[in-house]
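Quick one: the structure is below, and I'll ask about it shortly.
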Amino acid sequence: MRAVVKLGGALFRREPNVTSLKGMGRALGGFVEDGNQLVLVAGGGENARTYIATARKLGGDESTCDLLGIQITRANAELVRLAIGSMASSKIPTTLSDLPHFVGSGKAVVMGGLQPGQSTNAVAALAAEITRAEILVNGTDVDGVYTEDPKKNPKAKLIRSVHVDKLLSWAMGGEVFAGRYELLDPLAIKIMQRARIPTRFVSLGDPGNIIAALQGKDIGTKVVYS
Amino acid sequence: MRAVVKLGGALFRREPNVTSLKGMGRALGGFVEDGNQLVLVAGGGENARTYIATARKLGGDESTCDLLGIQITRANAELVRLAIGSMASSKIPTTLSDLPHFVGSGKAVVMGGLQPGQSTNAVAALAAEITRAEILVNGTDVDGVYTEDPKKNPKAKLIRSVHVDKLLSWAMGGEVFAGRYELLDPLAIKIMQRARIPTRFVSLGDPGNIIAALQGKDIGTKVVYS
Amino acid sequence: MRAVVKLGGALFRREPNVTSLKGMGRALGGFVEDGNQLVLVAGGGENARTYIATARKLGGDESTCDLLGIQITRANAELVRLAIGSMASSKIPTTLSDLPHFVGSGKAVVMGGLQPGQSTNAVAALAAEITRAEILVNGTDVDGVYTEDPKKNPKAKLIRSVHVDKLLSWAMGGEVFAGRYELLDPLAIKIMQRARIPTRFVSLGDPGNIIAALQGKDIGTKVVYS
Amino acid sequence: MRAVVKLGGALFRREPNVTSLKGMGRALGGFVEDGNQLVLVAGGGENARTYIATARKLGGDESTCDLLGIQITRANAELVRLAIGSMASSKIPTTLSDLPHFVGSGKAVVMGGLQPGQSTNAVAALAAEITRAEILVNGTDVDGVYTEDPKKNPKAKLIRSVHVDKLLSWAMGGEVFAGRYELLDPLAIKIMQRARIPTRFVSLGDPGNIIAALQGKDIGTKVVYS
Amino acid sequence: MRAVVKLGGALFRREPNVTSLKGMGRALGGFVEDGNQLVLVAGGGENARTYIATARKLGGDESTCDLLGIQITRANAELVRLAIGSMASSKIPTTLSDLPHFVGSGKAVVMGGLQPGQSTNAVAALAAEITRAEILVNGTDVDGVYTEDPKKNPKAKLIRSVHVDKLLSWAMGGEVFAGRYELLDPLAIKIMQRARIPTRFVSLGDPGNIIAALQGKDIGTKVVYS
Amino acid sequence: MRAVVKLGGALFRREPNVTSLKGMGRALGGFVEDGNQLVLVAGGGENARTYIATARKLGGDESTCDLLGIQITRANAELVRLAIGSMASSKIPTTLSDLPHFVGSGKAVVMGGLQPGQSTNAVAALAAEITRAEILVNGTDVDGVYTEDPKKNPKAKLIRSVHVDKLLSWAMGGEVFAGRYELLDPLAIKIMQRARIPTRFVSLGDPGNIIAALQGKDIGTKVVYS
């Protein structure tokens, strides 16, 4: 099976949780050992947000802020690579055109961001497209897509299935600032839409969720195309 | 003055019009000689579309098609560089982070596409943002933004001024396919929106239009932010 | 078996023939699947000639024209890569010293031009030398080397076998202009001569010709070294 | 005047002090505006230490930990670049051999770490050597070199002048771990010794200290060579 | 088994001994064929010393001299690669972070120097660390570490085992000049110390010595860590 | 004035003559200080020949031998760069497309070889073409082109002027082996012919010869095009 997993910033706290990283690494490494093709895209998390906020206060434009955030996502990708250990590729691709060269080595390929103006969600969607992934799992700090922000409103309800057009209309509401690309980045959704990539949003809290989603179990929120 | 000009695919016909290219080169070279900072972004045109269509028929995914289109935009950029002559930088930047290094040499910097998933309109918007351009002129094959496609309906009316939110809502209607990124690519508009880049859409038919727009004349369609 | 095939510009028409490309891709992919080592070098064709002619009219020097032609050969190489599909390497080498790294992956390696002043025929000869190819097949738009131009004179006779010295003396007659490197580029012949690479010139019209030549069948024109 | 300043990790707290960065940027920018040549080397600070510690817990070897720390120093360098603004070079060199190419543009060049096994102190010494700097100022979180750790023992006395051999013998006492390269990294001292680079250790607490040291004032600790 | 072998400059005479190189290549190639992982680091030898001395006389700083020496070590590495033949990787890594990508291909990886300020002994130690080598064999022109210079004093005695701290204190005595990095480069020893890499110094005179050391035989001088 | 000078291998003896290099550096630096644009191309000399001969004995193919020779020419270029000092560019371009970017900085640009299959004479001709040089001076170990080898036959006569076609017919006589590319490399002559570059062959023995040729004095052998 060919898969892409986006590992949201929630995995990359200021003081990283080594136990979580190890657990995630073990689960993902096992998935690769079972003969599956896997690309992982690490998000930015708190450190990316701090660097970007500082850069902005120092007068940096948004593209420069994006570049700084990308550097941090690559450092995060390095941590994921180490957590997976021998089942991970020894290097991190930094352009999309390099990615196919890395994939198929029988190792998990880990990457961070690529270019200003692209969230790591968009990178994950492009990676899924160019590696012809059969599934894209987007791991976040909540259980999927909700009717409202579940951290603010405990009555928010998890949506089990959402049409890509719906996602897109939600996405177009927000503004695009470096480091605050939301779950619902419009470019990412446009790519998902053009390539019709089967996608699920699940929680990163337990590596088992990611594996379940990779195995096609009905967990989190599923994106529907027709 | 710091400016970015997007040169639409209309300038890059299958059998390029050398006279048009020379005229455009002379006008833009003069603008730089007057002490202005200029970044030019070349689109793909017919050749890009043909390569992309062939690649798609050969089973290429959209990201690979994008990469092929980018190669052609860079060949087009090379033609623009030659048309401008001694007032153009001797090399074409291929990443956004290289761009600031090229700018400020007192020469026009010419570039093509950068990454899959980004139209050259998005590249132009990012280039405007990172070089802190005071104006972005988007040269196309029509006189600006119309109420309808002016090539299909002669009664289509030119819109002299359009709000960025309006542009964005139109943009979200269409699908994103390599080589068919429209004028109204949503990512490009999102970048314009976040950086509030003063932008005009004008016709490439006469280099004078581009220069007029650069000089702040009221020509074509202006994008309004508030 | 270790082989290099030059795919002449005849395969890369302005409006590429997808059926021809697919047929060629299938035949060459099969040759690799049979356990052979294969390097393919794509020529420039009509599009390269158009870009070069335009660049020259814009005042470009021959080296810059060469560089532009090389960009187009690489786009052509990308099409060949797609036509071959899963049996082709995922990336195109752009320097000769990278080539050995790509070869031996069990995949066909596709490349375009490398450097100004070198025709893709010279690239094919250098690639044959550095990969220790046992045969170099040069696919062109005619059936081999003729006594005269067979497109101009129907009485032109195909030469079944020609000494490398003879080839060289013919080659030295013509001038070397970007995009008009003839079959008989002197540098290419000098490399063939120094490495004594078994070489055949055959027609690209039918993929079967290329395969036949690879299998050592007596087809087209053979180059003799002693 | 040609100078190199090492900006110790103390400037790069987990929650960066924007006011400090701005003040430092303004002072250093002014020094460049006065016609001086300046190379700045950013250290790693708390974020580098956290990433390195995490990597080590995930089983990363010291070289990989070093590489991760280098990524963070480059993100820090980016912040310094922004703090200096228009008087800073637009790009960060990542190899020593690129450095001379950047210097002499009349802009401050900012860089981070270069290679595993080299502290940013060693990078600063190498940068001073290759740019023929007349002074190397090493900015740390204390006022210079002390008889004991001044943070642990308030009776520790500042040493106003120290012989390079003495520094070296102290340096050889400690172990070399990524992220804990001390002020007294032996490689850095060996480079200082071979190039006899006039060096001062001063506090980063006030940009005025750095400028004073650059102007040859007797501040902090001076390294003596004979 | 995972091993690193440093091939000292003694193997790279002004007029290289082709028979020695072939013998060494055959022995090392055989070691790889037996299923071992091997990284080779070539030193500079006479040619490096000559280029460095000339550069210094022309006013080159030590970092530039180092860079020149590194170019020669890479040319030497190329000779080793050729001597090993088909069991050697087809390319020479030029950064430490690229090394893990090369290793594990089942081929010997050959490299030269990496960065100014690092001897090839330090490179060998870093390579051993990042590839988790079980042994580092340092091949020199004498049989190991002696009480005195055996070329000057025939009564010098070979030391069969030496503590790393002892090595380090000796190393700190000498100065560090490009091209005269001694056996006992302090940085190299610091890296050995931090990674506790099992290390032996043996003579390059006979490839059998290198192989014996790789097989764990008690030959030359062994470094002891506790 | 825009000029290219090829510095033949005669300047790069096994034991380089520092006085000669310094004299040449001073003369060429002065030429640049007078406001001229200058590109220098360093040949390989004895060291290149030794490395190539060793590589060939170790079974290296000619392309690999060429690559090794190119590495040595780049080390030689570094020596020339140092000899010129502050009037030389700080870096050596390694591709032809990078060259225009270096030229025009008001500094001499020094380079070595570029690609297998191209002698440094061909590189010099390509460099002259792409920088639109008004003169190409080819410095060798004899006073110009002779009727016979002047080192073997003292009666050999210097030819003051030779037609490019004559040069080419002579060039086609010899074989092309790495490291033995003669003065009369056919590719170099073909490039001279297509760009009609005014060229002189003079002796390297005295820097005054090179300067005289650059100033248009009638010295050595002149190439005639019509």
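Should a chain be cited, it is by its letter among A, B, C, D, E and F, assigned in written order, with residues numbered from 1 in that chain.
As a working rule, a residue touches a chain if its C-beta (ideal position, glycine included) is under 8 Å from a C-beta of that chain, and two chains touch if they have at least 3 such contacts.
The model shown is predicted, which means the values in this text are computed figures rather than measured ones.
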Moving only to chains each one touches, count the minimum steps from subunit C until you reach subunit D.
-> 2
For subunit E superposed on subunit F via Cα atoms, how large is the rotation, as a multiple of 5°?
-> 180
Across the interfaces A-D and A-C, which one involves more C-beta pairs in contact?
-> A-D
Whole-Å gap between the CA centroids of subunit B and subunit D | 43
Interchain centroid distance [CA atoms averaged], subunit D/subunit E, Å | 30
Sequence positions of subunit C contacting 2 or more other chains = 64, 67, 97
If you connect every pair of chains that touch, what shape comes out? Choose line, ring, star, complete or other.
-> other
Chain-chain contacts, ordered by label, are A-B, A-C, A-D, A-E, B-C, B-D, B-F, C-E, C-F, D-E, D-F, E-F
Listed in rising order, the residues of subunit C that touch subunit F in the complex are 61-64, 67, 95-97, 114-118, 122, 126, 129-130, 132, 168-169, 172, 175-177, 186-187, 190-191, 193-195
As the complex stands, subunit B meets subunit F at residues 90-91
Subunit B partner contacts - residues on subunit C that touch it in the complex = 14-16, 18, 21-22, 25, 47, 50-51, 54-55, 57-60, 64, 67-68, 71-72, 74-75, 78-79, 82-83, 85
Using the touch definition up top, name the residues of subunit E that touch subunit A in the complex.
-> 97-98, 100-101, 103-104
